[in-house]
Amino acid sequence: MSKKWRTAISWHFDHEAYVRGYKLADIIGNLSFTEAIYLVLKGELPTEKEKKMLDAIFVSLVEHSIAPPSVIAARAVASGGNSLHVGVGAGVLAFGEAHGGALEGAMKFLQENVDRNPEEVVKEFLDKKIRIPGYGHRYYKEYDPRSKRMFEIAKVIGFFGKYCRFAEEVEKAIEKIKGKKLVMNVDGAIAAIVSEMGFDYRLGKGFFIIGRIPGLVAHTYEELVMEKPFSKRLDEEKEVEYLGNKPRELPESFKNRN
Amino acid sequence: MSKKWRTAISWHFDHEAYVRGYKLADIIGNLSFTEAIYLVLKGELPTEKEKKMLDAIFVSLVEHSIAPPSVIAARAVASGGNSLHVGVGAGVLAFGEAHGGALEGAMKFLQENVDRNPEEVVKEFLDKKIRIPGYGHRYYKEYDPRSKRMFEIAKVIGFFGKYCRFAEEVEKAIEKIKGKKLVMNVDGAIAAIVSEMGFDYRLGKGFFIIGRIPGLVAHTYEELVMEKPFSKRLDEEKEVEYLGNKPRELPESFKNRN
Amino acid sequence: MSKKWRTAISWHFDHEAYVRGYKLADIIGNLSFTEAIYLVLKGELPTEKEKKMLDAIFVSLVEHSIAPPSVIAARAVASGGNSLHVGVGAGVLAFGEAHGGALEGAMKFLQENVDRNPEEVVKEFLDKKIRIPGYGHRYYKEYDPRSKRMFEIAKVIGFFGKYCRFAEEVEKAIEKIKGKKLVMNVDGAIAAIVSEMGFDYRLGKGFFIIGRIPGLVAHTYEELVMEKPFSKRLDEEKEVEYLGNKPRELPESFKNRN
Amino acid sequence: MSKKWRTAISWHFDHEAYVRGYKLADIIGNLSFTEAIYLVLKGELPTEKEKKMLDAIFVSLVEHSIAPPSVIAARAVASGGNSLHVGVGAGVLAFGEAHGGALEGAMKFLQENVDRNPEEVVKEFLDKKIRIPGYGHRYYKEYDPRSKRMFEIAKVIGFFGKYCRFAEEVEKAIEKIKGKKLVMNVDGAIAAIVSEMGFDYRLGKGFFIIGRIPGLVAHTYEELVMEKPFSKRLDEEKEVEYLGNKPRELPESFKNRN
């Protein structure tokens, strides 16, 4: 850090906070939260349809049951006797490759290949045995209702363009070439729409984080007010299988050393 | 965990996700993100004025420059060669007592004392030498313009009630009893409004986390795309003062031990 | 940070790293890890008995089954598709008040009261209904075998002094005054010994973190090599109880908004 | 988690804790911390030379100045008003690809290529323009004194075998083929030795984490006792360069919306 830190996001002019050039005091009460998020991330104010689209995307991610690793981590950490923010922070950490990562991966895939022939792309990936992110679901085999819903909304609002079409064509190409349908899942659908809106794939996980944080906050709060500290503790007898060594004697050479 | 995990937030009925009883597929495209957040946190859909108030609160928190510890932590972690979510998670961890904690503290103070006589309360705190959270600012000495703005909006929307009045009276009581003005800062103002909306103080830091997360995402993303890995490294010569031991010789008894 | 960062721990002299004044290159191969830890934390090299005592303390903390919240968090985060260090970091976050915090609390209690009359102290705490940290165990009711072992070792090595005696007297005083035995648990015993060694209570959780980190590393590694990504996912049907709303219809005013 | 959690690390038999089959109460006071770490990670007790080698490795990593991103993150988070463990946890998160990751990468490289011809391997990597992890240093151009020291110790103790020789041959091959020397750095040297000891590369970052944690604890503790809360705050004027928008007026359509 011999060099200065650098940023283009916000600054103080005459002791007043400005975000992307707009006075913070002016946007409070005038922008919806989603409009402010768009401004922070993109640098400009959204149009009405951009705001609507982003609202739909965040709402689709806002909460998805107690089951995923992020909630397990958040509630476990909270149960260790921590403040709300420590549990939420731990939950965010769980958003790795297998949990939210598909959105980023699918955005990268679409943004790098959208102008190519879908069948050619799919063939290339299948030949190299690389999984195409955004396709396949363990439960949905015909279509993913959430993807369908997201694309319906994108059509109504006006964000169904070349990325969405390409995403659909890839789904067809996979079925044709692989001989087995892998549905475009909700990560794939959101990835297409967000690409349509001009967002960089490297920001991909950011949508997931912002969208899901309210769910993590609610779960961590629920743990703190509903359960006792240390409630998250495995019961060895019922919940764990031990695969290790049976009891054994410490070798003589390690005994009575003090 | 011999006992089951318990939650009231969301559930699957017939393989469909429901949030607080409403089908996720139904709220997508119909609720704004802020309405969905309210639903997740409070359990019910907001009225129009509740939505507006919450929008104003989140916007007021959405980003506050590169300076605070949370952004330093987020960008430092990202510069270690990490994914976006790891940097953001580290940033959330910085939201301790001195950084966002005042909001929670001020909510607790207001909710526990709102029905008492303000001067009596202030006297009690001053006597016990306990700092009243939500008051005082190192720069603003007459009034905090952000508090003023938040209360103006609360009045227009219709959330200026007993908590806000009590918060103002406490400001006056401090000046009267202490003989020195401590302005009601923005944490104090938001605390009053959120209390007015019926939120529990233990959820206090949650508003700060949800509101500020877009700023953390933007800063971490900026670090990843704008700077080289390991860019966040202190320059010992220019940025650090060493207060420790001068070089000294290892005692003989510790030498040549292998 | 207009002011410089400050540290007394380590520095570079002529491009060579020094730790507490000793050349890093000199201590490598000459100090055991435990001796180096002592140097880093305390600022000086340990005597032989200080090294032995610290070894015993760290070994007592090194691993304590898969059950605690820290391991749950570490493995859940790893299962989200993260690198080893992200899982371990999340595990460390779980070391809150209810998980490792007792060690810090017990050190504080002992260091603040060691020169007072034990019965007077216990009476004061019981009157104020404050729990005395370091006493009580849900399973051990007569004595905690780990505390017994730690005190035996402290006696052999030569660290059984006024803190340890005070800790034992407090145990007796609790039984006498409360009429019910609360055994001095392993946190209490370690707290007494570490106080005997001259460590500040505010470093208390540090011993727990350093001692337990190898267990967290082993568990996170085991998760990564033994289990599939997303293996840590709750089974709603078998492992969760839902306490929330039944499915309900979205009010008309919220429908067809786009 | 419909399936049980699984582990081979530790277990309770008759309410007694066992680690890798040995009674915890037995290893306390008999094993050094390093021996216990070896047991936890490897599953077996170390020989005398394995213990010595591991001690040297951990000591080489134990602390490396206030400069790196991990310390910046740890101290920034602590300064937000957090407990010791939260700062340390944030520090661990900084150990990404660019900070400790080289050790894991170098282990992988050595373990996958050790039985091949070094020049062939180097040529392959250079042709593919893939950086070989463990080589190169911004300051040391002739040799890295830390690598030299580690290899000297490995020779004395008896861990200088095929991995170390291969690592040296790769250094020579790089110089020969590339026409420019890239010194084998300390990550490369440790990677070779740890491979010699039979550790899996996927555990690589674990050595870094365990070795460096005492330094992180010391820095976080120092922050908490030496500095005021919020001491870690950037000075916009002196430490930050703003690259963003100048102040601009909010468009009329966004004004007076409430």
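A few remarks follow.
Order as written gives the chain letters A, B, C and D; numbering starts at 1 within each chain.
Methods note: contacts are C-beta pairs under 8 Å (C-beta built on N, C-alpha and C of every residue); 3 or more make two chains touch, one makes a residue touch a chain.
Fair warning: this is a prediction, and the values are worked out from it, not measured in the lab.
Among the remaining chains, those touching chain B as well as chain D are A, C. Set side by side, C-D and A-D show the greater C-beta contact count at C-D.
Between chain A and chain C, two chains of identical sequence, the interface residue sets overlap for the most part, with shared numbers making up over half of the total. Rounded to a whole number, the gap between the C-alpha centres of chain C and chain D is 22 angstrom.
Once the centre of each chain is set as its mean CA position, chain A and chain C turn out to be 32 Å apart. Note: centroid distance chain A to chain D, computed from Cα atoms, is 27 Å. In chain C, the residues that reach two or more other chains under the touch definition are 1, 5-12, 27, 29, 31, 56, 65-66, 82, 86, 89-90, 93, 95-96, 100, 153, 156, 232-236, 239-240, 258.
Residues 52, 56, 65-73, 76-77, 79-83, 86, 89-90, 93-101, 153, 156-157, 229-230, 232-236, 240, 258 of chain D are the ones touching chain B in the complex. The residues of chain B lying in touch with chain A in their complex are 1-3, 5-12, 15, 17, 19, 24-25, 27-29, 31-34, 36-37, 40-41, 54-56, 58-60, 62-66, 75, 83-86, 88-90, 92-93, 95-96, 100, 104, 139, 145-146, 149-150, 152-153, 156, 200, 202-203, 205-206, 208-211, 213-215, 217-222, 224-227, 231-235, 238-239.
The touching residues of chain C, when paired with chain B in their complex, are 1, 4-13, 18, 20-23, 26-27, 29-31, 35, 43, 45, 82, 86, 93, 234, 236, 239-248, 250-251, 254-258.
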